[in-house]
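When the chains are written out, they are named A, B, C, D, E and F in that same order, and each has its own residue count from 1.
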Amino acid sequence: MNRIAIFPGSFSPFTLGHKSVVDSAIPLFNKVIIAVGINSEKNQYFLIEERMQWIESVYDNNQKIEIKRYEGLTVDFCKKENANYIIRGLRDSHDFTFEKNIAQMNKKLNPDIETIFIITPPELSHISSTILRDIIKNGGDISEFIPKEINI
Amino acid sequence: MNRIAIFPGSFSPFTLGHKSVVDSAIPLFNKVIIAVGINSEKNQYFLIEERMQWIESVYDNNQKIEIKRYEGLTVDFCKKENANYIIRGLRDSHDFTFEKNIAQMNKKLNPDIETIFIITPPELSHISSTILRDIIKNGGDISEFIPKEINI
Amino acid sequence: MNRIAIFPGSFSPFTLGHKSVVDSAIPLFNKVIIAVGINSEKNQYFLIEERMQWIESVYDNNQKIEIKRYEGLTVDFCKKENANYIIRGLRDSHDFTFEKNIAQMNKKLNPDIETIFIITPPELSHISSTILRDIIKNGGDISEFIPKEINI
Amino acid sequence: MNRIAIFPGSFSPFTLGHKSVVDSAIPLFNKVIIAVGINSEKNQYFLIEERMQWIESVYDNNQKIEIKRYEGLTVDFCKKENANYIIRGLRDSHDFTFEKNIAQMNKKLNPDIETIFIITPPELSHISSTILRDIIKNGGDISEFIPKEINI
Amino acid sequence: MNRIAIFPGSFSPFTLGHKSVVDSAIPLFNKVIIAVGINSEKNQYFLIEERMQWIESVYDNNQKIEIKRYEGLTVDFCKKENANYIIRGLRDSHDFTFEKNIAQMNKKLNPDIETIFIITPPELSHISSTILRDIIKNGGDISEFIPKEINI
Amino acid sequence: MNRIAIFPGSFSPFTLGHKSVVDSAIPLFNKVIIAVGINSEKNQYFLIEERMQWIESVYDNNQKIEIKRYEGLTVDFCKKENANYIIRGLRDSHDFTFEKNIAQMNKKLNPDIETIFIITPPELSHISSTILRDIIKNGGDISEFIPKEINI
């Protein structure tokens, strides 16, 4: 079995929380494709090229990581990439309720694709891209919440 | 890497929900050890021998499944069994809040062990061992909520 | 159709929250049977006779209300009483998660029985029998949280 | 008593989850008015005529069902239609928290109107109109999640 | 120590729930600054001047209350105002999950600033500015949910 | 105003999470009484003398901290100690739902007593006395989750 996983998201921006999920997933899979969504509304704030470049700077030399842009249904992108797993991080019960429905629906759309959840470590559980964008808009410094390779 | 996972629980009794979690995990691991807890209070209702036999009847010919009794810390049992993963199922936000703390604590106790969460399919999300024991105590029939191999 | 509903519970004690649920349900049904559970652990604190008497004192002259003791599966009691509805109150998301599983399970056990939920008014949402018993044990006064007909 | 109920929503589109709530409510009421909201933002995706036609195709010959468009306060629409009940479905704790506030507020605005909640069956709990619209936008097939009478 | 607290919000409009939080906080602090946000999207419905005037009419003669407009990061506004505390009200678990992340992030941005939470009384827990704006838009009367000094 | 606060609990054992709540509360109050409950079931595992000694070792030289045993209603103990505030920590939405009801009930029992909530920092949010007791029972080491002054 090929053990390829997709980690889909906006990554607007990619945070230490996202990084912890990817780092936890790497040993379990042969390849982890970080799939950067093109068309979500959240993506308007940073360009897709910018968001992809940031992630590339973090996983520069990691042979198991690929970074790809995607649009359309996540399960269709999985099929195209020959991936059987979707990886998602969970921080709190609000995340859970939202992700549960998506994961159950994706399995109905394609029963061959399993969603695997990883809980972020407690010290990163308060970090969300939404809050980070809000800090940036208001002139604050987000450097302690994102990988050191990223300069925003 | 050995890709051995523990699926710990009381399994009092083992339900279709438990089975769906194990079935989803099997392709991802080389071995899944179903670890049946000895000393939890929930275990008083059914004998450990009985609970183990039921699970054995379900996974009779599956080379990837082992069924073992355990007590003590889950992370200690993982180490003893050379397992780097703990598998847990999630049904609802109550499960999530409970499991989140346990998973984060286990990772603090042993950073080499990752907990992987799988969400039960919607049609099984209402099944819990606690409710099934309650139905049995009150003379009801639980056969549609447990694997067909199990006769209670 | 007979429109008979069961309102099952421990009622240990019967609170203003319980009363608000019953009062909201009365116009919708021809008969509401308040079903007082015998064998739950919560019932140890007050005798079943006591708990039933309290409720009787509240609905003394109401022709639509019956108060009965019950044990066993709620759906079996419904069938025996020719009731097609179970009524439950909801105060908060913790109640919801618990009640959701029970209701879905009851419908699987007997598809003819529907559970109808009523949300308690905000000013009563903090009242629970568990907290009231705790206040009594510690010498506090609960009279403002129970119907005026009940003297504890 | 007239036992008329309103089931308000956007129904954008009407799903198997909505249908299960209506089907559970029908025996309890003399008339169930499916009230299709005009002015919500969610309604932009499908025309009101389209949404109403879909529901009509499902309940074509059901004498107890009426389908009406509405705008304004739900309690005002209830009054105009002589309805004393609002029906709402609940899938998860996120739904509950949202619906609780609306129901409590509606009762404050008009104490004669009671909101009755029905929990969707587990096998439909992951279906939401929002997710279905997202699948449509991304070229997916939603036919297994909506009534067979509806062609989208 | 100066014991100055900020109570930030949109107050669009200021409700009895907001008032109960301020009233509970007043005895604990030497000064409570009600900080009315300028640039949130929610603020579009009422002008900032209007929102500030309403609050002024409520706390007209209270020497401990100041009403100020603000934009930018809340922790920066705290620093400028020499305040070490942020006050927030909590109604339900949805509020909690949202506020938890903000409070934890604010403490990371400035460890000298503590967020203090006060739970609204049960009889006001269903009131939110969002629902009140919705009632106004639909021609309803919100006077029983806002301080009597405010005429909207 | 005297600004005396009670921090009630079992503290079985006192954790870094408890300590963070106390440390956050100290600047706001003239005195913080850590009130160690006698009669809760959770207290059976450690003796009250032991639990009190642990807390004393942490706050040895802090003039603002008092450690007292208590039983009965928390609001009665507040009155006896002339305290107008109860302090509680919040970790997650499960905590919140539980604490909300207690706080609202305490305010009904004595409107002069306000409960003030402080959210634990993210890096301590997974620590609970219940989990720590479980680790101890199973032979694990909890020293990184409790104040360094405590030896268990």
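Definition applied: a residue touches a chain if its C-beta (ideal position, glycine included) is under 8 Å from a C-beta of that chain, and two chains touch if they have at least 3 such contacts.
Predicted model, so just to flag it, every value in this text is computed and none were measured.
Enquirer: If you take the chains that touch chain C and keep only those that also touch chain D, what is left?
Expert: Per touch definition, common to chain C and chain D: B, E.
Enquirer: Considering chain E as a copy of chain F, what rotation angle in degrees (nearest 5) results from a C-alpha superposition of the former onto the latter?
Expert: To map chain E onto chain F, rotate by about 180 degrees.
Enquirer: Return the chain whose centre of C-alpha atoms lies at maximal distance from the corresponding centre of chain A.
Expert: Following the centroid criterion, the farthest chain would be C.
Enquirer: I want to confirm something about chain B and chain F. Since they are copies of the same sequence, is their interface symmetric in residue numbering (over half shared, so same) or not (under half, so different)?
Expert: different
Enquirer: Sort the other chains by how far their Cα centres are from that of chain E and give me the top one.
Expert: B
Enquirer: Whole-Å distance, chain A centre to chain E centre, using C-alpha means?
Expert: 34
Enquirer: I'd like the Å distance between the centres of chain C and chain E, where a centre is the mean of that chain's Cα atoms.
Expert: 38
Enquirer: Averaged over CA atoms, how far is the centre of chain A from the centre of chain C? Could you give it in whole Å?
Expert: 46
Enquirer: If I count partner chains per residue in chain C, which residues reach a count of at least 2?
Expert: Residues 92-94, 97, 100, 104, 122, 125-126.
Enquirer: Output every touching chain pair, sorted by label.
Expert: The complete list of chain pairs in contact reads A-B, A-D, A-E, A-F, B-C, B-D, B-F, C-D, C-E, C-F, D-E, E-F.
Enquirer: Help me check something: in the complex, which residues belonging to chain F touch chain C?
Expert: 71-73, 75-76, 93-94, 97-98, 100-102, 104-105, 108-109
Enquirer: Note which residues of chain D are touching chain A in the complex, please.
Expert: Contact set of chain D toward chain A: 92-94, 125-128, 131, 135, 138-140, 144-145.
Enquirer: Can you name the residues of chain D that touch chain B in the complex?
Expert: Residues 92-93, 122-126.
Enquirer: Quick one: in the complex, what on chain D touches chain C?
Expert: 1, 3, 24, 27-28, 84-85, 90, 92-93, 96-97, 99-100, 103-104, 107, 114-119, 121-122
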